[in-house]
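Below, subunit A partners subunit B and then partners subunit C, in two separate complexes.
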Partner chain A sequence: MPEPSTKLPTGLGVIFWVSASWIVLLVLLALFADVLPIRDPEALGIITREVEPFERPGWNAWFGSDGQGKDLFANVVHGARPALVLGLTVTLLAASIGTVLGVLAGYFRGRVDTIVMAGTDVALAFPAIVLLLAVRASLGNSMWVFIFIFTVLGIAPYTRIVRGATLGLAEREFVKAARAMGASGFRIITREILPNVVLSVLSFAFIGFALVIAAEGSLAFIGLSLDRTTWGQLIDDGRPELVDHAYLTLIPASVMFITILAFNFVGDGVGGAAAIREVSTVRRHRVGPLPDAHNVSGASSGDQRLVLDVRELTTDLVTGRGVVHAVDNVSFQVRAGEALALVGESGCGKTMMIRSILGTFPVAGVDRSGRIDVDGTDMLRADDNTRLRTLGIDIGTIPQNPLTALNPVRRIDAQIMEPMTLHGGLTAAEARARALDLLEQVGIPDPTSRLRSYPHQLSGGMRQRVMIALALANNPRLVLADEPTTALDVTVQDQIMRLLTDLRAGSDMAMVLVTHDLAVVEGFTDRIAVMYAGQIVETGPTARVLADPQHQYTRALIRSIPDLRLDPHSRLATIPGAPPSLLDPPPGCRFAARCPVADSRCRSELPSVTEVGDDHSYTCWHPAETTVEVARGR
Partner chain B sequence: MRLVASRAGRLLFVVVVVSFFTFLLLDTAPGDPAVALAGLNASDEVVAQVRADLGLDEPFLQRYLTWLGNALTGDLGDSYRTLGVSASSLIRNAIPNTLELMFLAQIMALMISVPAAVAAARRPGGLLDRMSSSIAFAFLALPTFVLGIYLSYLLAVRLGWLPTVATDLPSLTSDPLGNLEQMFLPSLTLALGLVAVYLRLLRNDLVATLQEDYVLLAQARGVPDRRILWRHALRPSSLNLLTAIGLNTGALIGGTLVIEILFAIPGMGRLMVTGVFGEDYSVVQGAALVFTVGYVVVNFVVDLAYYLLDPRIRHA
Partner chain C sequence: MAGSGTAHLRDGETVLSVQNLVMEFRSRRNRTVQAVSDVSFDLTPGETLGLVGESGCGKTTIGQATMQLETPTAGTVMFNGRDLTRLSGAPLRRARRGMQMIFQDPVSSLNPRRRVHDLVRENLDIWPSDLHTDGDLLVSEALEAVGIDAAASADRHAHEFSGGQCQRICIARALVNARPAKVAWGRGALSDEPSVLILDEPVSALDVSVQAQILNLLEDLKDGYGLSMVFISHDLAVVKNISDRIMVMYLGKVCEVAPSSELYDMPAHPYTRALLASIPRHGLDLPPAAELIHGEPPSPLDPPSGCRFRTRCPNATERCTNEEPELRAVRGDHFVACHHPHTPVPVNVTGIPT
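Let's look at the complex of A and B:
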């Protein structure tokens, strides 16, 4: 029997083959029941003297015998035949009729679809057992009646499955192409659509087969049995003996259960071959060893005002396609009151940088190493309580898309008050008063009624204001804002940035601002860190870096904007080419492939960090000055 | 409000169609109720008289409309088997037991499946998740009556904790403990079949919800995992579960029927089955109507419950 495994069947595993073997065995038994060396199922042991009445399962009678000494094993073997005949016939009929109806409904739609689906709905709403009882009562108990009843009841699910698949397929390119080339409806259906739905139908057919066996069992159980010995009937016959001779009912019940399970496993395996299975998503967050003690103490000891201290941070995401090196050996610091801009093209690791600090990842496997200190708390190694407290109190997060950032089924008040009551130590009443205050601060009109609203009742700009209020709830030391204005209207973008600046003014709240908008970088931040392919390639005071960029990538970024003054809000235009894949980043400088001045050293050797004073540093073999020379030399 | 009215109209349509077909099917069933009621030895005149009293000599459509009209006033006709007993009174006695069974089963199913789904979704692909998925898979393949046999063998025969069949089932109001003792095993059997469906569904929806922005942001605000699962993720994940509760009422009706036979509970299912065997078709017809209306009402309530769970629909 298929053993109860702790693993789900993935693809065609062991369980699939064990189940398939069980089905093959049943088919063989059903075919050759008459010629097998087993007893006559009807022979009475009390007459033949071969079997005692109520003989327990053993060598003589494998499954034991009933009160008249009928051999249970022989009966179970012979019972396989009606189960399989009924299951097979009904499945073939129901699947064929259902497939035809489903294809017609899905392909022609309109009125055909309406009629077929109305019929399906009524068939599914009709309490099946009522039909079974009524038909069985009026037509008798022959195999044909059973086949008829079960087929009528079994069509609807196939129709639904095939109709759904056909609706989807009819819109696909290859079907449209075939239609455009003048193929007839019949040809499209038989050549293009049917081959594509056959696996789904086959998969459900096995499950449907099992349902037929179970349904026959249920009917036999209520006393409406077929005109020959079936498993259901054996179970029902043995039931009065449950207390004294439990094997009489437990054995046929188990045979039926195993059979149904086997059909389900096989159907699941067949379906699994067709569908994309859910990738195993065991959440596994690993943290690597601390970087060199020398390095860490060397830099962080001096400055008490460091709010965020990132050292040699590396974040690897373990995905189905391989390991993505999202953040690679990144170090930077943010002091109290300071605003740092994190800039770079999409996919350069800016958002992953923020997520690494917060420890929230949409993927399952994450390896981080290095060190992230937020106000002195080691975010990678602190115990859960400390970490959650730091997240709740010291860090405020403003998301990229306020439309998906609020829980749609919770009211605004519940969402804003939560961090204050959970971590801020406020009572519900105090938290409500502060929430009201915060909404007023972030410029939301009529805050009292807004508190009782649900997110969908607020505009995008309003929701981002709510997110800012939420981020500021516990007066954080550090605000992480991940492109807080990208998802908003242009007119609202400026308001939100001004609001953020006003709220920070006079406090020593630090901020990391991920942005594309160089005008925002220029107007609202003190320092800048340029990221490329998971690394920081240049960092320094905002004014200096913008005026005198060193790294070729920074230069390209700035150059890609025609004129800052003419078009202050333009996004960073694209630089020719695309950033390298972070699955397998190139050795050497990662920008080399797109860099106008790259040479062989750039492609093989990672540039070291060069300091140009005043907190300004970069990693480039050919910084700004040399570019000019190279350009002249040509 | 208009939506409510149109839903109600559609559901009413289902009730009429289903009751019509049941009426038609039972009309073609063998056995003459008039003969049954009058007795086999009754003379032809007496049988004809009984038939006229029952209104059986009128054309089919007229009989159906008369029945439908009477049904609306709560009169489902007389039992064809037992003289002087109305089908309504038989049904009225049976309904509480079936309702209790179905209600207990749903409560038990939710009490088991919701915590299990939350625990499984916490670590998708983890040991707990894989174990609960496998168990759910097995339970899905287990016909109600087989599960009932297994459970009564284990809990009643082997361990002797509970009675195997209900005997003189006391009413819930007069002897609540005695009633629950007998109803526990049947309800549990029904519940376990539902658990498999609910667990899979809720677990999958929870895993999807846990990838949502607002959940990741709640984590970023330092909300502990347990609170995220129960307070943040459960409600937005439970809409499909609600649909399933409605849809499974149909399956539950079938399951109740089998369970009432297995555990000898005097409910609607048993009334209907004995009605079929006794050719007591007025009772069968009435029971079928009650089942259909019950199914339809549950689905109607589920539609309304959406409004409570999802404010976006409520304000739409």
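Let's look at the complex of A and C:
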């Protein structure tokens, strides 16, 4: 088993902290420039005799001096003051005003929105230099003038960001819930919406801050400077000496550049923290050693060919909270033509099992060991080309939500034909003919015109039929269906399950159906594997497991299927509690904490696999006696 | 299915009465989506009404229009003696306090940036003048009542809980200013306490095993707090157990209204039968679903004339195209809007024969 990683990322990364330190250092220097042992920036070296004119950077004058012997270091430090004051004031003003306008526009929409958005459009279209020249000509070049102009121009981006975020949040259920509780508009804005947009605003504020500093520098460079020494002015002053004394320009320019970069990095860090809370930044994909040889050569066990052969598979995910043991020592086989149901509650590892086969994970750090053979290809160790070929041709997948799985801006024909031309080696004409054929097979009426439609023009059931057609495009040997009917209506669910059964009839295509609902597997699958907390706890022929479940968890799952024969208001059977965290699964039987018959042995000792004949096995210390009351059917 | 008609409304005391509700949305190119077309229902004290239908039947819109989260195009919503459709702003919010809503996605129903204690306290903070006792105590009581450890969870955020736990927290939030009903119904003046809970697919996002936990909890709370409930769901299997009465909807219209057990034993509307036959392992005496319903649901932009289910109905005739069926009684408290109901219409018809 691979050694789980114990070193977890700090989250924000080194660049963020270096950038933040630079900003803090800058702020401290600007604040205490008068008390620190720094020369007077206006003192002329030719008079004080402390600094030579055009002294090169060195121990005496760190950043050198200009033609009059003014200390450049002192000037850069003092120049940080107007940069920071201007940046901070403008950012605070523009961000506050922009946030208020954006929230109002996004929340109330209608006329408020029209007016606010028209205002931002005007502000963005306004020629900034003309405004600056005009205001400067009449009001002078004081700090206030610059603050006023930059604020007026800076409001629009904040308004747009906040309006967009608010539009999205206003549709969220927690905002609807607040409205349903009778919260006033003001309360909803301040309690529900603002806290959720504040981090995006903050993130942009750092970038806006940098923009202000850069803008001031650019303006000084063309002579539109403030009434005091700024970095922009220092760069401008050094310009005539660029050839002989390049440091006079390069040093203030570098300081300004690093500062702008630092603000951007901090802004990105804050923005990232808003979006990502738990995903780690560890990039790793490790595969453990092969399991024992006697287990591996099982590719031809039994009378029929194994399409999927999973042996001692363990998948660990490295997340920000620790290592999640998503799949723990799981083995199962699916023969050609067979349908296997993978059943269990959310968080039991079903989806991670499927992702382990596909090699797609929600986090970047993954350790897998064991073996997954798909039609003879070792999916953990094969090279990328072989693996992708197997994924493209031998495996078809049917997702839970067909709407998000289809590309909304591409027509159905393009999406169905792509795998056929990409992996199947068909020409466009052949692929189109096959696509038509497939749509007909999956029961889509008028397939010729449906091929030309976009996903949103189809109903949920039709979209899922398209997904099935897509999955079947290359005649896969194995279809992986992850809760294919959960997002669909009841009548459609029945149709889709029947369709999947009909399509497989007579072919040797195998299927793995992942579902949390035991009720849908009967009649549609041959075998069941019940998963709990990352392990398979019972497996056997579907009818047999449903009629005579051995593991206490399987029994509990079957009992929780709604029973239409019960009188209204009768007490429903439940499984108390919830599955254990896979960060630190309990020793012994993982179901023990929720099991009605668990004893001390269950809590300490992992149950061994018990075979009850006919391919039926379970891992439970207290299997059910032969039960009849849970076996019911139509 | 027309379902226009009010034959199924009752004369006695009702806590909520929605009449002739119409909800239309403007779509692009000036077309009108007919989401809800002339639907009526009522709720008696302590009753649970199951509102069942598939996507596009208008069940969610009815919930939102009843709460006035969407303003109905036409119709009345009588709650505690007041027509909510005639109110707006603060008077509406005040009049509606006795009605609370639970949404489908429990995790996104809780503001991710707020802590559980504050989330549950929200209802008390919105109406501080109503508060006669210690608010924090009420929050703890509400959390304990739904099976959440108040002390351990108060400072945590929604994402630290499972879907089932989040739904419990949402229920606690809805009931935080409710006092357990020691007295029977008829408290009259206490209109500010929640008495009606509108649940929009409250268990659809949850595992089957957790669904049962929440349904049991709702059943307990209903008795404990003396609530009436409108339980909206697409799944007839879930609704049967919790409902006293069930209303089946299709494409903005009512198909059938019946007491819970009767609807399952003697479904009269072809669509109800199709819905029941689609439930896996239903164990009822019904032909396969494929024989009871075919084709695709029509667009609510252009619903079929006459009975809206006729395009998918195996029993449809010419009459179904020309004439919209009215809701009428097939027996006692069992109403159906169909020209060719499965159950023969008995002699004691109280509705209007068409």
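Going forward, the second predicted complex is superposed on the first by the 335 of 634 C-alpha atoms of A that agree within 3 Å, B and C clash if a C-alpha of one lies under 4 Å from a C-alpha of the other, contacts with A are read in each partner's own complex, and residues count from 1 in each chain.
Note that contacts are C-beta pairs under 8 Å (C-beta built on N, C-alpha and C of every residue); 3 or more make two chains touch, one makes a residue touch a chain.
What you see is a predicted model, and the numbers here were worked out from it, not measured in a lab.
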**Message:** Under the stated touch criterion, which partner chain does A:217 make contact with: subunit B (first), subunit C (second), both, or neither?
**Reply:** first
**Request:** Would you sort A:422 into first (subunit B), second (subunit C), both or neither based on which partner it touches?
**Result:** first
**Message:** By the touch definition at the top of the document, which applies to A:460: first (subunit B), second (subunit C), both, or neither?
**Reply:** second
**Request:** Kindly classify A:381 by the partners it touches after superposition: subunit B alone (first), subunit C alone (second), both, or neither?
**Result:** neither
**Request:** Mind working out whether A:517 is in touch with subunit B, subunit C, both or neither, as first, second, both or neither?
**Result:** second
**Request:** For A:305, decide between first (touching subunit B), second (touching subunit C), both and neither.
**Result:** neither
**Request:** Could you say whether A:178 touches subunit B, subunit C, both of them, or neither, answering first, second, both or neither?
**Result:** second
**Request:** Mind listing the subunit A positions that touch subunit C in their complex?
**Result:** 172-174, 176-184, 187, 191-192, 195-196, 277, 345-347, 445, 459-462, 489-495, 497-498, 516-520, 522-523, 556-557, 560-576, 578, 632-634
**Fill in**
The answer for subunit C against subunit A in the complex is residues 54-55, 67, 69, 90, 93-94, 96-97, 100-101, 103-105, 108-114, 122-123, 126-127, 159, 162-165, 170, 173-174, 207-213, 215-216, 219, 234-238, 240-244, 260-261, 264, 274-284, 289-290, 293, 296-297
**Request:** Would you tell me which residues of subunit B are touching subunit A in their complex?
**Result:** 14, 17-18, 21-22, 25-26, 28-30, 123-127, 130-131, 133-134, 137-138, 140-146, 149-150, 152-153, 157, 164, 207, 211-224, 227, 231-232, 235-236, 250, 253-254, 257-258, 261-262, 272-273, 276-277, 279, 284, 288, 291-292, 295-296, 309-312, 315
**Asked** Considering the complex alone, what residue numbers of subunit A touch subunit B?
**Response** 4-8, 122, 124-131, 133-138, 210, 214, 217-218, 221-224, 235, 239, 242-243, 246, 249-250, 253, 256-257, 260-261, 264, 268, 280-283, 358-360, 362, 364, 384, 387-393, 395, 397, 399, 401, 404-410, 418-419, 422-423, 454, 456-457, 470
